[in-house]
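Taking it in order: structure first as structure tokens, then the write-up.
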Amino acid sequence: MTKQGCGMDLMQVVKQLERFAPTTLAEKWDNVGLLIEPAKDKVVQKILLTNDLTEPVMSEAVDKKVDLIISYHPPIFKPLTRITMGHWKERVVASCLVNNIALYSPHTAWDKIPGGVNDWLAQAVDIEDIKPLIPEPGAEPDTGSGRLVKTNMPLAKIVSALQEHIENDVHMACANGHNSNFNVKTVGICAGSGGSVLQGVPADLVITGEMSHHEVLDFNHNGTTVLLCNHSNSERGFLRQFQGQFVDRLKGACSVMISEMDTDPLTTKQRAN
Amino acid sequence: MTKQGCGMDLMQVVKQLERFAPTTLAEKWDNVGLLIEPAKDKVVQKILLTNDLTEPVMSEAVDKKVDLIISYHPPIFKPLTRITMGHWKERVVASCLVNNIALYSPHTAWDKIPGGVNDWLAQAVDIEDIKPLIPEPGAEPDTGSGRLVKTNMPLAKIVSALQEHIENDVHMACANGHNSNFNVKTVGICAGSGGSVLQGVPADLVITGEMSHHEVLDFNHNGTTVLLCNHSNSERGFLRQFQGQFVDRLKGACSVMISEMDTDPLTTKQRAN
Amino acid sequence: MTKQGCGMDLMQVVKQLERFAPTTLAEKWDNVGLLIEPAKDKVVQKILLTNDLTEPVMSEAVDKKVDLIISYHPPIFKPLTRITMGHWKERVVASCLVNNIALYSPHTAWDKIPGGVNDWLAQAVDIEDIKPLIPEPGAEPDTGSGRLVKTNMPLAKIVSALQEHIENDVHMACANGHNSNFNVKTVGICAGSGGSVLQGVPADLVITGEMSHHEVLDFNHNGTTVLLCNHSNSERGFLRQFQGQFVDRLKGACSVMISEMDTDPLTTKQRAN
Amino acid sequence: MTKQGCGMDLMQVVKQLERFAPTTLAEKWDNVGLLIEPAKDKVVQKILLTNDLTEPVMSEAVDKKVDLIISYHPPIFKPLTRITMGHWKERVVASCLVNNIALYSPHTAWDKIPGGVNDWLAQAVDIEDIKPLIPEPGAEPDTGSGRLVKTNMPLAKIVSALQEHIENDVHMACANGHNSNFNVKTVGICAGSGGSVLQGVPADLVITGEMSHHEVLDFNHNGTTVLLCNHSNSERGFLRQFQGQFVDRLKGACSVMISEMDTDPLTTKQRAN
Amino acid sequence: MTKQGCGMDLMQVVKQLERFAPTTLAEKWDNVGLLIEPAKDKVVQKILLTNDLTEPVMSEAVDKKVDLIISYHPPIFKPLTRITMGHWKERVVASCLVNNIALYSPHTAWDKIPGGVNDWLAQAVDIEDIKPLIPEPGAEPDTGSGRLVKTNMPLAKIVSALQEHIENDVHMACANGHNSNFNVKTVGICAGSGGSVLQGVPADLVITGEMSHHEVLDFNHNGTTVLLCNHSNSERGFLRQFQGQFVDRLKGACSVMISEMDTDPLTTKQRAN
Amino acid sequence: MTKQGCGMDLMQVVKQLERFAPTTLAEKWDNVGLLIEPAKDKVVQKILLTNDLTEPVMSEAVDKKVDLIISYHPPIFKPLTRITMGHWKERVVASCLVNNIALYSPHTAWDKIPGGVNDWLAQAVDIEDIKPLIPEPGAEPDTGSGRLVKTNMPLAKIVSALQEHIENDVHMACANGHNSNFNVKTVGICAGSGGSVLQGVPADLVITGEMSHHEVLDFNHNGTTVLLCNHSNSERGFLRQFQGQFVDRLKGACSVMISEMDTDPLTTKQRAN
């Protein structure tokens, strides 16, 4: 039996993370799993969850003496040819190693699993039916990239429900012919930057984090309204859901905190009228 | 002498557009110049200016019986293998031809010229000095991609000046250590999607239209605050400046209108508190 | 019941063309199907068949007020970045749109079907057996690229039969060891430019439209005589066969004409002796 | 002093060939120069000239006991991974080596020199002025690919002059608007397969060996009539001119013969009327 | 019945070589099989076996008037664009043809077969179990690249056994923690240059011909000692085994000799102490 | 004035290393310079020189509490996507960071400078003249890849001189026609793996660290004898020369040691006779 708060071997924690979402699900271009292992036989007592491992979050981790950071986005993406004080991602990597902190990133593995990031984002709308946009070949049911949701809600109601779900502003681009009374029947969902996963989806509405101007115009001309949350605001709320589930998986052996410094970098400054 | 409003041969109008901004300045990947010539010896009386040639703008052009559309963004970007009613860009091309409307796009040629789109966007700040970020080899002085501006303004003042200049909201991501009192000395400017042109620019602040989440984090960690206007809001205001100049160039032979339907697709829906 | 000559909706005509030869059969590099759709709900009364949509054929189509051109070769092959009066293919595209004429090209789909262009060309020889050179995977029997024919005719007799079938001159390159009395047992057939489809075919004779000098030498040294028809002369005669079949498919709703201006560009000028 | 017919060291003959046309002029993709050197210190008494080294020509070379074959086209073009009796080009290579015959190919070096293959082909028309289409950078004047000729002859007269010059039939594709009375002022010349070298040349007429159907249609629509000689008939006549010049260069040390078996593989079989 | 020493048609000898080891087994990048066939209907009485067809070996073949050389390494690897006296591989090819000697190379086909080069090299150790490292898909059992051997010998004993097996020196790089008493349980085997085939093999020891410095360091740090034989010394001894087997296959129709000139180019010069 | 042994700021040490050999000289594919900077404002008292940063050398560095390792070969070559305990190069990187040790690699910059690694290796022979094989464009004289040396020594004498210079065995492959009495006039030099830099060099002898079997055969057939030192034995001796020079440059501020654990992994085990 695991004793409360007494810690767990890092490799055991990684095994639980793999059970929650196998990293074999991640995209070929992605860089996921245990990215930094600072020493052999590392024991983990404190875990910090974050969406982005920025330098303020890194400082928080050091201050709180955590043993493991689970960062949804992988801090090492472009492979490293050196580790110096001259680039923030190299500073973060060095700080992990010097402070004996392990680092794990799940990214697209969490996007694809049932009950993962995309399913969390979809909770913003009333769900009559939901399925992956790109089902994962050979995986268990309901696994895959993006989600297609059947619903029955006026656009205006979805906008306010989404604002509450992500606890933030949203940006909207109405399809030609739509207005706030338009009754939405189908919604494409993709957390993060959804332009390519959502491309060509036959839906009244798509909800994602960010999308380029020319992609937005394409959706609008194909009869699809676009709602943008800002990239990390479409993902971050999932951490609270994960926190509860993971504490249970670890049977209380580790404490699991959510970063207080992690936040989307962008805020909208409204023009005064 | 050109008679008022009596029109001008299309090829003469194109010649004036080339004098204003030579299309040889455009990027290699761009598709600029006269994109649709519906018939030989076309005479132009009415010209419509737009940032994006969306279908509402196309309808406006037909209704107003214009002869030439000048669309900043090229409506043909991915080359066409067919022209059918099944895709909005093909419908726009067909509508131009069927309605005998010519189409011209300047895009990156207008970005690079002195007095062009980037210089217009830079007017949002007090300019002590300004020069291109990437000077154009072999071109006349002050020509090139992006702009680097020396100024001396608190960040908060720049935000409100930019809101007034583009007549719209802006989105801000503060560099680690900056706040609204931070006194900005250097500003990188790039209309549209400025992530790659602005990359690595040593500036306190960058102003552009749109930028991805991961690019924003990189700028912030390098000590650079980011202001985003939305893509087309960083460009559209230049049309008014061009309108006046071009009427003069044509010596009144053509009337030059700005589209009433052209607008950025995105608007921010603030969360009620 | 369809009324004689009263026309048929364009999409219904396209559906009949797809039934005759599914465009999914076409090669990956090809550009086939409905290439120009000038307006929604276009009704087709007159159809013009041509091998190549040259400008003289385009003028004929306008003069005859046809609604749909079926051009065996696709007039749009290299994708278009603009549509101006400066290039003949762009002029043809503009003329279709301005004159409200639809355009459909079947190309390699017609080559592959049983009863298509290659089977028509093979009729020049006495056929004891015939099968595709490259059978189409997953398609119905007798479908594929090129044909391999078993026959039993002296070479001289095939030459004159081919001249009658295509109603034109032919060009011959005799294999080392062959002469006009050589009894041909196997013939490789490929309408158009057959060098790559016919490469390595174990046949006494190959018949195609055109072939490069170095390809001809290779065939001759491998024991294969070559007969060339000129590119379009190896294809054009099929239009008469198609005409009859397609009138029946449309149940007389549209009139179907063959172009009078369409002809191979090359003619041989014999040296006077 | 060189004694008549007593032969010359192979390397000396190669040196004279290089002086006539430096192989450094050849295209990057070409394979020119001494391709087969069967033994050290080879002495050359008999030289055979041919356009293509076919197997009948190879037999002739063996029968005539020649020491060196100069083949305009390189018999080794696709590099060899083996030399067996199963492929004609490998048989030709083996036959050279076994019969102690050297092989030299000049190809595009002869095309480019002043007084070379293209200048020979141009002699079919009255020349008022002549210059290379693509001048060779850094080479002596009048060197380069293709030729542009100024002349003043009716099309019909050029056709018959060309027939006499190449002593063979020609194939003609008239530009839209041209006929046999059309007075030709400018002619593009390219021996062999001229489609890419001649592309876009502003000429009333182009003369080459072979050209694809789609290339011919492009020239005709750009106002350019096309005359085709068959590939090798546009080149072979140059051998007679070279023969005389080269005997002089060698000061009679070697006998220089033209192949009696070398001929274009294609002949036109006219349809009986 | 085949008469002793009376010779055999070349194609029959090749058929026996293919039965011994099908060239379809060879790697895609390899160039194997009958590389030189000097004439039709060549009869083979004398066969010379060699590992590398160097010029001393070629001279030996000419002196001994052999009809066929079987060279394990293909003398033609980079395809040939010419055959002159200026490059040693071209001289070897010319010498084969001029002296009417055929050439066959098996290379990676011999590596993969059961009882081939790798199995021969593996005989240096006591074999408890042996299987291919990369089994050949679709081939008979025990076929494939490299070998993984189970054994039970101290390292020092393997070193001396290998010296005796190849009759030459060996070069050793001890894994971190290994010494001459280390008891080896698993051995990866790859004749020739084994760096990529052996990469990542979980073995106490690898035996190959040559390996780069950086590859050696990788093996040593992964707990694997490296033994190098020099490239051809890891292959040459197999020729004796093949010699006996092939004489039997040919039923004595041809004499089969091993080259006396073939040897590894490198010898170690020990520093005097 | 710098105080003896009191240390120097890491960035000052790096500046001295750059003065000794600018990293801008390194090859494009190389990864040189300061590869690990464990903290800001790092002060360096002890420096360890090594050819390869193996794990035994890393342990030595930790034991000796060095502040900076200068490793001729860059330990990070293939860029890193993670840093774990599962791969030796990642363990070395982690160990540097955790133990607060900086890492610098010069590699090909040291090869190219006058007085660098190649000039050191060349000292094994009597030098009458020496120059780079591939002079560095735009660099000061005597800079570049490889060296070409004029000398006048019998081969046997060079062998023993090289053994003394590198203090180790050498491996020799004699050119066809050479023997130990051959008088060497020209020597190509390239430390490390010299196959491509030395390719085609017109020399009686080449000296390098390692070379593949097929490269050795090519050199021998072109009349060039090959002497191999083993990769790192052709480089390591330079460290002693550098040590003295660098202590002077640093004016004694740091102590500079040579690793006692760094050694070539391979040793030759001679076969007992």
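Every chain is named by a letter (A, B, C, D, E and F) in the order it is written, and numbering of its residues begins at 1.
The rule is simple: a residue touches a chain if its C-beta (ideal position, glycine included) is under 8 Å from a C-beta of that chain, and two chains touch if they have at least 3 such contacts.
Chains and their UniProt names: A, B, C, D, E, F = NIF3-like protein 1.
For clarity, every value in this text was computed on a predicted model and none was experimentally measured.
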| item | value |
| --- | --- |
| Each chain counted as touching chain A (NIF3-like protein 1) and chain D (NIF3-like protein 1) at once | none |
| Equivalent interface to E-F, taken from D-E, A-F or A-B so that over half of the residue contact pairs match | A-B |
| D-E compared against C-D, more contacting pairs | C-D |
| Angle, in degrees to the nearest 5, of the Cα rotation that carries chain B (NIF3-like protein 1) onto chain D (NIF3-like protein 1) | 120 |
| CA centroid of chain B (NIF3-like protein 1) to CA centroid of chain E (NIF3-like protein 1), Å | 67 |
| Interchain centroid distance [CA atoms averaged], chain B (NIF3-like protein 1)/chain F (NIF3-like protein 1), Å | 55 |
| Distance from chain C (NIF3-like protein 1) to chain B (NIF3-like protein 1) - Cα centre to Cα centre, in angstrom | 47 |
| Numbers and ranges of chain A (NIF3-like protein 1) residues touching at least 2 other chains | none |
| Category of the chain touch graph - line, ring, star, complete, other | ring |
| Chain B (NIF3-like protein 1) to chain C (NIF3-like protein 1) touching residues, read off their complex | 31, 33-40, 76, 79-86, 93-94, 97-98, 100 |
| Chain F (NIF3-like protein 1) partner contacts - residues on chain E (NIF3-like protein 1) that touch it in the complex | 52, 54-56, 73, 77, 88, 159-160, 163-164, 167-174, 176, 193, 209-210, 212-214, 216-218, 220-222, 226, 228, 230-232, 264-272 |
